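Both complexes shown next keep chain A, but they swap its partner, so chain B is in the first and chain C is in the second.
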Partner chain A sequence: MYNPTVARLTYRALLGRRRAAILFVLPALLIVISVAVRSFSGADDQVAADLLGSFALATMVPLIGVIAGTGAIGPEIDDGSIVYLLAKPVKRSTIIFTKLIVAIAVTMAFSAIPTLIAGFILNGNGQQIAIAYTVAALVASIAYAAVFLLLGTVTRHAVVFGLVYALVWESLFGNLVPGARTLSVQQWSLALAQKIGENDVISSDVGLPLAVVLLVGVTVAATWYAGQKLRTLKLAGEE
Partner chain B sequence: MATDSAQTQIHNIGYRNYDGPRLGRAYARRSLFSQSLRGAYGLGRSAKSKVLPMLLFAVMCVPAAIMVAVAVATKANDLPVQYTRYAIFLQAVIGLFIAAQAPQTVSRDLRFKTVPLYFSRPIERLDYVLAKFAAMASALFIITGAPLVVLYIGSLLAKLDFADQTKGFAQGLVSVALLSLLFAGLGLVIAALTPRRGFGVAAVIAVLTVSYGAVSAVQAIAFNQGSPGAVQWLGLFSPITLIDGVQTAFLGASSNFPGGHGPGSGTGAVYLLVVLALIYGSYAVLMRRYRKVGL
Partner chain C sequence: MTTIDIDHTSRWFGNVVAVNDVTMTIGPGVTGLLGPNGAGKSTLINMMGGFLAPSTGTVTLDGEQIWRNESVYKKIGIVPEREAMYDFLTGREFVVANAELHGLGAREAGQALATVEMEYAQDRKIQTYSKGMRQRVKMASALVHNPSVLLLDEPFNGMDPRQRMQLMNLLRRMGAEGRTVLFSSHILEEVEQLASHIEVIVAGRHAASGDFRKIRRLMTDRPHRYLIRSSDDRALAAALIADPSTAGIEVDLKEGALRIQAVDFGRFTTLLPQVAQANGIRLLTVSPSDESLESVFSYLVAA
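For the complex of A and B:
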């Protein structure tokens, strides 16, 4: 199921040159803001929860998920070099699974670790806030990577659609229409965070059992369908 | 060589020189502008590439139409939203538009190496940069100005105060014109520096949305900690809060900053200077970028 060569190539494509820059900028920004806020206002649990919730989990994790998830396969399909990979005797599902593992690893590394550091900077893990949001970021990384990897195989405008989902659906509709929150990776991962955080500093609109079922279901279904898409991939020219 | 000249001779096989009118540099620049502007809305391109810009355009205009309908139906004395406030409300949509269209305006030329073909025409670097910049800014101005026109017409239909509405409308137009120039400049610079597909989109969104998210989060914290003085200076660090600050200071808008603590005219002058410097800076960076036509 896991092919080390495919993994190595994907790592290189993801972390090569400029692409890595944006992956480093976002976590660096989070940590800079955390340091600024801590020195500005001191340790405050509510401030920590707000900042981690609104900036780390709502903005940074989806963006890194989009970059890593679509970046793992999109550019290869785009410039047509995926045919050399597909022509090798490697199962398509293995390719997808390997790329998914890499995308998850990259998303986790660049979102969960900075979240943990920022959490400790902000309030020294008071009320388990840092741990809770780190777990949420870890879980969200898996689902985001799977969904955006699927998008990368389905459409050539994967990044745009990924951003529309992350920004418009989760932020805008999530704020306006409460029902939209049930279908949001962010809320599912918050359900886990709520369980870990103490004194209800963190709240989610989705119950924990439902959230777990949806997370697992979406991840598995997206991965399976991406494998199917790759079996019948058509290479289209630029419009 | 001279001895061979009797045997080897180049025949004139009747190719004719072009002796029609030469349309020249201004014409080429105009064409590039109109093609880029049309391209930003997917006109003259495939049906698929029309979907997103048209969808975003509709998303921009529909709330305005709804507000107008509500204002007319309830016979309100004023529109539910200020003209200057509208673009700030729907900034996510504007951000997506520039993120999707700036890369397709400049990155494709770089990726498919068609830039040298442009420069084999009688246009200079200056013309290329100006045409692309103007086209992107106009595309943004259309998408941000159209809902204001809807609001204005609606307000006149609802028989609201004419002078009041016209003033608000004019202020709104100035503010979105500034916003268009600023966003177009930033978007094009980022897109021209990151021509890989998908990557430019993410980079533009990251700069616009993440900086706004970061700034508003820190502003909220600064406000809650009881230092409203810091709030107005923090606004200098993201494009949308810059525009918010400028229009609060000079265009009679009410600020979206926490607590409504927008900058006064002193700080506002700094905002305006930063905006103008950013617009000029992005033009200068683009000029530098196109010294070399390759990646």
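For the complex of A and C:
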């Protein structure tokens, strides 16, 4: 199911592109803001939860998910270099699964680890806030990577669609239309954070059982469909 | 002995028919897929390479369906026309990665790089390579698992004469070893120099098939049209029409030239200077007026 050569090529392609700069910029920004907040207002649980909730989980994780998920396959399909992977006796599902693992690992590394560090800077993991948001970021990384990897296989405008989903749907609609929050990776992962965090300092609009079902369901369905799309990927059409 | 069978295969994109009811068998040796740009050569090669499903008909490798069948890549090596590779890798890293995807390793990659004579630049990043070097590394990546079928889409595009010669020698050798080598080209001379067997595709249709002499004859035996200006057009016209190699002559008063239709290309080209010299006529312009590939190919379709 996992091919180390596909993984190596994907890592190098992902981290070697200019786009990858955002992977470093966003976590650095989170840490800088956390240091500034801590030094100006001291350790405050509510401030910590607000910053991790609104910046780390609602903005940084999906953005990094978009870059890692779409970047793990989109550029190769766009420029046609994926032909070197497809013209091999390697199952297409193996290619997708490997790329998913890479996208998840990159998203986790660049979003969950900085979230943990920021949480400890902000209030020293008081009320388990750092751990809760880190777990949420880890879980969200899996779902985002799967969804955005699928986007990368179905459209050439994966980054645009990814950004629209991450920023417009999750942030804007999520704030305006309560129903939209039920269909939001952010809210599903918050359900886990809520369970871990103490004294109801973190809240989610979705119950934990439903959140788990949706997270698993979306991840599995997106990965399966991406594999199907890759099996019938047409590289021709220039003529 | 590996053969690719294309059986009554068509492929359309929306309303555009790219390949129209083509039937052909590609066997061992070097086969040239010849046709003008946009004729459907890439579409055909993409179907043979398993990157495109036929709309109707079948494309098989030794009887096995190629579309949605990853196992055929054990036998097929593909050199795509597109430039994009993993440019951030070195040549060696790229070929090793291709070898690993076949379950092979650095030894086979080294052999493939040696075959295409790219060892000297194997540790340079691909993004620094010239077109010809890229082409050779693509070849190495396609050869790394010693495939019995090699598909190359316009492999000579953008290559300089020396690189072209090298690649031709390599492909000849592959063909002589009994591999099934198919390459596409829109340049007749390229195909003629290399392919023992030629398949001609024009406007999505299979226009001709056979060895290059047969195709060449079909191409050269057609009426050739020339526009000729001379010091005495009418005298030249009278002298030329007496020979059976000329089928018709029109005196174009507006252009101040002769429009000549020759039926025997070889004979006419020798006759023209002789006749001019014998009659003391100076030839000022001799230009073929329908030498474009498209007209040659469209003649083939009609043949």
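Rule of thumb we're sticking to: the second predicted complex is superposed on the first by the 233 of 239 C-alpha atoms of A that agree within 3 Å, B and C clash if a C-alpha of one lies under 4 Å from a C-alpha of the other, contacts with A are read in each partner's own complex, and residues count from 1 in each chain.
Here, a contact is a pair of C-beta atoms (placed from the backbone, for glycine too) under 8 Å apart; a residue touches a chain by one contact, two chains touch by 3 or more.
Keep in mind it's a predicted model, so treat the numbers as computed, not measured.
In this overlay on chain A, chain B fits alongside chain C without clashing. After superposition on the shared chain, chain A has more residues touched by B, the comparison being chain B against chain C. In the superposition on chain A, A:163 makes contact with chain B only, while chain C stays out of contact range.
Once chain A of one complex is fitted onto chain A of the other, the partner contacts of A:37 are limited to chain B, with no touch recorded for chain C. When both complexes are overlaid on chain A, the residue A:200 reaches neither chain B nor chain C.
The minimum CA-CA separation between chain B and chain C in the overlaid arrangement is 8 Å, rounded to the whole angstrom. When the two complexes are superposed on chain A, the residues of chain A that touch both chain B and chain C are 238-239.
Within the complex, the chain A residues that touch chain C are 3-6, 8-9, 12-13, 16, 79-81, 83-92, 231-239. On chain B, the positions that touch chain A within their shared complex are 45-46, 48-49, 52, 92-93, 95-96, 99-100, 108, 112, 194, 196-199, 201-203, 205-206, 209-210, 213-214, 217-218, 220-222, 224-225. Contact residues on chain C toward chain A in their complex (touch as defined above): 13, 18, 38, 40, 42-43, 46, 49-53, 68, 70-71, 73-74, 76-78, 80, 82, 84-86, 88-89, 97-98, 100-103, 141.
Only residues 18-19, 22, 25-26, 29, 33, 36-37, 40-41, 47, 50-51, 54-55, 58-60, 63, 66-67, 70-71, 74-75, 78, 156-160, 163-164, 167-168, 171-172, 238-239 of chain A touch chain B when the two sit together in their complex.
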